[in-house]
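Labels A, B, C and D are assigned to the chains in the order they are written; within every chain, residues are numbered from 1.
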Amino acid sequence: MIKVKYFASLKTMAGKEEDRFDLGRETTVLKLSEAIGKTSPAIGEMVREKKVMVSVNQDVVLPDAVIHDGDEVALLPPFSGGAI
Amino acid sequence: MIKVKYFASLKTMAGKEEDRFDLGRETTVLKLSEAIGKTSPAIGEMVREKKVMVSVNQDVVLPDAVIHDGDEVALLPPFSGGAI
Amino acid sequence: MSTATESRVRIQKEDFSVTDEIEHMKKVSANIGGIVVFLGTGRESSKGETITKLHFEHYPQMAEKKLEELRQKAIKDFGIIDMSIVHRVGEIDIGENIVLIVACGEHRQEAFKACEWAISELKRTTPIWKRETTSKGDVWVSPTP
Amino acid sequence: MSTATESRVRIQKEDFSVTDEIEHMKKVSANIGGIVVFLGTGRESSKGETITKLHFEHYPQMAEKKLEELRQKAIKDFGIIDMSIVHRVGEIDIGENIVLIVACGEHRQEAFKACEWAISELKRTTPIWKRETTSKGDVWVSPTP
């Protein structure tokens, strides 16, 4: 299973904090975005259009990154910490 | 009378915090430096060699400034406030 | 009112004391001569809208990891003695403290550079998000430079 | 322990509280979003010599006047909301606070610029002198950039 975490505006859009997907032993960000898109089409599209960053096990990855069974993936809208 | 204030290293050199000189209604930094030089030759020389700044009534002045009876003159070694 | 703990980077709900954080850092070295602090606070208005409340959310563990990376890079690249970073999350009122960066150097020049770099790098790399509450409702904020 | 008074520039013997000074400044405006602080502290060594004590002397009235001019120029030239400056005089131990500059801006960029300018301008224009006590005796210090 892959755990997917949603933050900030994506959490609101998804209506949940996290999801789990079974995509075999190895998959890609693109395939994961299609799986997410089945229930949240807008989010799937945002990932493919690179409007959100993707982290795997807490490291930001490129769109062609490989994801393994057991990984923690997070969809990260643009950061806005640090006050002003 | 002109009041002359000594600060920091100059206070040590002069052995006092201030001095008073009667140089008429109007004088110059150069003439004042000569008056100071009678008792503290090294200080008079530092003023003439511009190794210290001179203020009149708390404003830094140029070496050719005119000083009036009643003015407060201060001899200011290079500043070193502000920690590092 | 504060809890300056041993950890040099922290994300916490509670407010912090700037004095306590600085005193804690001073103990690191007797050669600290210049300390530069950035304190970000909640502003009342943003793009003409009056803000009544702020809310910060973070990605736990990843955010702390990024802050620690940032701290170590600041020490190495700018030659400062040490740096501490505290960012609050949860509800924050106008005027309250949000984020604190304390850069300690032997001299002031490197502390200024490191502190300014750190806050701009924090905004770029640390997974923290801000939601503003205005009369029009709640909005997740887009990044500002 | 501190006495954050109404005055935005002060020269005093007593220590100050960084937190109190900042909280005092926050009351100036609800639009302060970025506060940059410079805190100068007493270092243990200077040019290889171990310092045991520092002593600061100032030209009363002229020093305060220069700090106020500096504050007003910082506000005008950098577009910050406000600035406060406190400098201690008299005997100061290693590690103790010497000087504090608090620059408050709507945004951080102008606050960084104003704070860095202010400390370097203070060193250049404010009649304050430092004497260091080392094992070799007491020395009035020449200016450092």
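One rule holds in what follows: a contact is a pair of C-beta atoms (placed from the backbone, for glycine too) under 8 Å apart; a residue touches a chain by one contact, two chains touch by 3 or more.
Computed from a predicted model, the values in this text were never measured in an experiment.
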Inter-chain centre distance, chain B versus chain D - centres from mean C-alpha coordinates, in Å: 26
Between chain C and chain B, distance of the C-alpha-averaged centres to the nearest whole Å: 48
Between chain C and chain D, centroid-to-centroid distance (C-alpha), Å: 22
Of all residues in chain B, the ones touching two or more other chains: 83-84
Two or more partner chains touched - positions in chain D: 33-34, 40-43, 106, 108, 119
Overall pattern in which the protein chains touch one another (line/ring/star/complete/other): other
Every chain pair meeting the contact rule: A-C, A-D, B-C, B-D, C-D
Touching residues on chain B, where the partner in the complex is chain D: 5, 7-9, 12, 55, 58, 74, 76-84
Complex contact set, residues of chain C against chain B: 33-34, 106-108
Chain C partner contacts - residues on chain D that touch it in the complex: 17-20, 22, 26, 30-45, 94-95, 106, 108, 112, 115-116, 119
Touching residues on chain C, where the partner in the complex is chain A: 40-43, 56-59, 61-63, 65, 87, 98-99, 119, 122-131, 140-144
Of chain A, residues touching chain D in the complex: 83-84
